[in-house]
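In the two complexes below, chain A is the common chain; its partner is chain B in one and chain C in the other.
Right, the complex of A and B next:
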């Protein structure tokens, strides 16, 4: 123990070491604070939904109450959905800055609504967010390089290596001690502020422990690389250059190359096709006999088939039926689109097994529920909610029940969490 | 002069003998070539895909059967943002913005299906483009090749020897700078070849291209000067290397991420949900077209009746429903314009904050210069959104006017079995509707937008060169 304490004293006498650790601590804390500020902004935006929604729906209710027409209620009522950030989201904001976490839908065709985005500034999103994941994945390795590149070579260059090797408890034990000490310092610089933030945000203990292990594992990888390069017995400066080049390749170059390869190998261009085809299907309904639309709708929704036949006047049940038919007509494309997105995502994750930088980012965004999987899960919840909305309005429309002011309060409400 | 050349040649020979340096240089060249080819192919692929989709959407619009004009207002049209030729060099925000938009009456939709939501998580690590290679990777290569240029001579004591042999300090620094400059030019060459490829494409504009070339030249020159400067000050080469890598990490990697986060927090944007609710609220205050007693619409109706000297809408020579639709669209569109304008202004303020940080990080200045000249920055996207909204409004009002003139009020309000056919307008009308054509900005406009970034870069270069001149005078003095 006293040996370690001595090494610590020695290490902290290095201006470079102290400066590096202090800078890393500042960056870590800043990134955590930025992430927490962002998630609290998102929480606040979600908390502001009910007030806005109440105002908006009250005006629709006033208007619809005159006619008591359930179709107008369905047409004019937008229903909010949202995806609250998970407790760990502050550490890895993932896709949450470019994918919407709030979306209002109405009981019309969902495929024309679900791909809508929220307002964001693309120039700010372009470089990526400054969050804990960035500090860990991109910056922490540079600090490892700064602290480890001359672990042995500096002693050799100072002419002390042979002496140190000859000391009792010297040699390998000494390098192990020094490595462990530096490693522990870097880990603590990242892990302690992170733990504090995680406790404030209410991150579950198992998740917290996984992240702490992840930090250690990722740092260990870079310490290992530094040790490997150190074994080549090059000069400190050659070590530093080699390690920085390795960092560049592993953290920046290979991921960008892989991105090009993945996007080339798995083309995903069904998005626009879904939108175009859905519109044709929906608007085409005005050109075909209305009974044809209803037959198709009743075939998939027999529970409403006993509804009275259409007259010559416009009826919203026909309108909503062809919207639903329109969604059904693009179901295959929607599947293919989603499969394409998942295949790209899976390919990116698979690379994570080879590239720790990508692996850490993938794991962090998974734990933080800010990745594509979480985004698709939110879409699934929107789809399920939308199905409830349809059923709710159909029960009025297909039975010709009046829709009064009180009925607005009976509409399904989006549940905050899948099981909540 | 010959001394400078000798020193430069000697430095280059030393670099060539350094196997790691040569490998790194070759890798950079290969990476640039890969970036040029892949982003050129990507850009062409996207341009082809979007024009195919656009053609399909236009064809579908023109092929509509006889329809009521208001049906067509809801049928709407899809437009696709074309990609500028220079996007092959620097795609900017293209992947981060939706590139297709559905235009319809009463609503302003978002641009959807952007690459960022359709790619694996790798896209957030950066995109492999010539701009990425030159902005981020090339400076690091120059650092590796140049950190020791002066520090090494001092560390090994050869600096004194050189001076004793009569080499001037200025000659020494100029020679080293020339060698590193040659490397920088060679490193930038493959990207410039890619640029030449782009120049062969139709629609490529020469003035913004020259601006971009000048900007990157200034950027790489700045790195050469900074490397020599640090190398001149550092006591040991290792210190020079660490300091340079730290400068690179802060200015190229860290600040470009931190500053946008600050801008994001400093200038909040109103989200879409709140915007939609606010627009609906304002619209109710302006007038409620559903309410027969609404004062705004009652006054509007009276003004229309007065204009034609009649007392009932049935007696108007126009279909009042079409006239009403035009007024409604005018009101909603004025609100769309106002709220979109507010949002754009807030985003422009955010971007101005980031651009101001170019004073701290030349990489930020270069990035905004590069995107602005390529027309792929926020302003470029906004240009698309503005033109899309103008086109949407024009199209919807044409259709509303058609409803007013070509569909009679009696037919439009009839609900008998044959009314649906009588309300319709002939199909050949749809082909006569103008198609959306994105008006590309003038080359001079793009180049002018890039000027602030260029000015910051040149100022950096001048200051750094001045400092290097001062450092040169003290070189070797203890």
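Right, the complex of A and C next:
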């Protein structure tokens, strides 16, 4: 029997060790299963879009076909966009639980449609999802503490340390071997279920390897902390208390305070405020002379300036023009909001170089494409698609071309990724 | 040419900070003999063992275990030493056989289960205890497991730290018989103890430490055998058992 096998037998004879590893395995598997269920639900919802969309458009098309009015087509037809979860999203759901991953847009004002999604309940968002990232970042250190806090002190307290040190290979080599074994067990308890889930979800091999390295690096950090505390030669109880306090500070207190500090240092409007401002601009437009609205619109969209003048009756091109003017009126706030979010995100990621718990979360959500960057990229794709929608409907509206049932098939379709 | 004794210490000086614990200690333990090292608290008994195990480094003098300086080559020296601390604490979750197997593996000297059970039997551990976990073992039973490991390792040096403290007279007698058997295999045994009577029972010679050096070394048998009461009166050791 090899020395490692001896150490493994010794370790697994401790019921608490076995219970701790079993609990970590259960939590890991549960988190992975929850993440996979969530992404599966999102995939299913996205997969259901074409059928539902066809049904919706068919109903609108029947109505529109009677009047041939492109304005009615633009007003009543919703066009789906979606952000399919990346293969690794199951491991770190990130912002996908609070930011919409599906958005049905109309060719009306866009900003209110985008930022309506920001009105989630912050209390629900606060605890975050129970996913693999949560288990790794928040819970795994506790298991490292459980397995490592008494690595040496328990031998000292049991009166065995002198005996072990007196053996030819009982000194540093023994502690290195025991450390490596415990480390490997905790790592394997996290990594093996994760690898299985990643293979099922089709995560690319390089990404998988990066995450496995990340797990090892994060655990190594906590093992290092435990080793440093162990060098102080305190009792096992004192070691455990010190490590638990360190966990509290490094994983909960400092990141929370840093988040508060970042938010105070970089003030950002609420997205819902932008939605409200855009709606107020749109509603106010009913009171503005129509010619004034059109002049403003044509100034920014000269390609439609040769459109026939408005008559006395309601015309959708005026309605869509003041929606677009509404978007333009909040463009500055939108830019500032985005810049603020990006600045906060950059500050958070910079903090990750100092706080491994923050860094690991940031890297995992980046790899999983569930972070702010991914969310903003989705918004960019929605904006690009919405611009195509506007151009499509404007070509009918501003040229007074009739819009028939067959024209719906010519409408632009959203592409999930920039490459299509 | 005479072979050097397995334990050889000459004019050894060792201090912890400014406190000099060993001050010119000279001591030799030949192969196949038992030397009992006695002395009051702070006399330097445990420090002598620590120096032999390479835990404490001497400032001057020489110390050798089978020719190896434990201060310079501790692992090499420890390969030649079996050490039993005062309280033999082994792993309670492992059986006697598993404990022996593990300690042997740590020492780099693997043995078959048959060899281990033979050694446990030779150490006097009853066969029904071989596959029992050590949770309920007495100190004497634990010592037998540790002695079995020492027997299997076939080391030339056995260091014992207060081995009979806490043992009843019967267990002490059993242990002394066991140590004598180890001695008879050619092992050099150095036994640190407060127990003068036990030392007198088992040792070939007795060295008294005082102020970090051997104040007196006497044979335990033969015409020059020491006068136990005179030694007690001088060094005040083993008072509890003498009084009894």
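One rule holds in what follows: the second predicted complex is superposed on the first by the 393 of 420 C-alpha atoms of A that agree within 3 Å, B and C clash if a C-alpha of one lies under 4 Å from a C-alpha of the other, contacts with A are read in each partner's own complex, and residues count from 1 in each chain.
Here, a contact is a pair of C-beta atoms (placed from the backbone, for glycine too) under 8 Å apart; a residue touches a chain by one contact, two chains touch by 3 or more.
All of these numbers come straight from a predicted model, not from anything done at the bench.
Visitor: When the two structures are overlaid on chain A, which partner does A:160 contact: first (chain B), second (chain C), both, or neither?
Guide: Once the two structures are laid over each other on A, A:160 reaches chain C alone.
Visitor: Counting only touches as set out at the top, which of chain B and chain C does A:112 meet: first, second, both, neither?
Guide: It touches chain B, and chain C stays clear.
Visitor: Please tell me which partner, chain B or chain C, touches more residues of chain A.
Guide: B
Visitor: Figure out whether A:349 sits in contact with chain B (first) or chain C (second), or with both, or with neither.
Guide: A:349 sits against chain B, while chain C stays out of touch.
Visitor: How about chain A: which of its residues touch chain C in the complex?
Guide: Touching chain C: residues 1, 3, 6, 9-10, 13-14, 158-160, 162-171, 174 of chain A.
Visitor: Would you pull the chain B residues touching chain A in the complex into a rising list?
Guide: Result: residues 20, 24, 31, 34, 38, 42, 49, 53, 56-57, 60, 65, 67, 71, 74-76, 78, 80, 92-93, 96-98, 100, 102, 109-128, 132, 136-137, 140, 144, 147-148, 236-238, 241-242, 245-246, 249, 253-254, 256-258, 260-261, 263-265, 268-277, 280-281, 284, 288, 290-291, 343, 347, 350-351, 354, 371, 377-378, 381, 415-417 of chain B touch chain A.
Visitor: Where on chain A does chain B make contact in their complex?
Guide: 16, 27, 30, 34, 37-38, 41, 45, 48-49, 52-53, 55-56, 59, 63, 78, 80, 94-95, 98-100, 102-104, 112, 115-130, 134, 138-139, 142, 146, 150, 235-238, 240-242, 244-245, 248, 251-253, 255-260, 262-264, 268-269, 271-273, 275-276, 279-280, 283, 286-287, 312-314, 340-341, 344-345, 347-349, 351, 357-358, 361-362, 365, 371-372, 375
Visitor: Given the complex with chain A, which residues does chain C contribute to the contact?
Guide: Contacts found on chain C: 53, 55, 74-76, 78-79, 81, 83, 85, 87-91, 93-94, 98, 101-103, 105-108, 110, 146.
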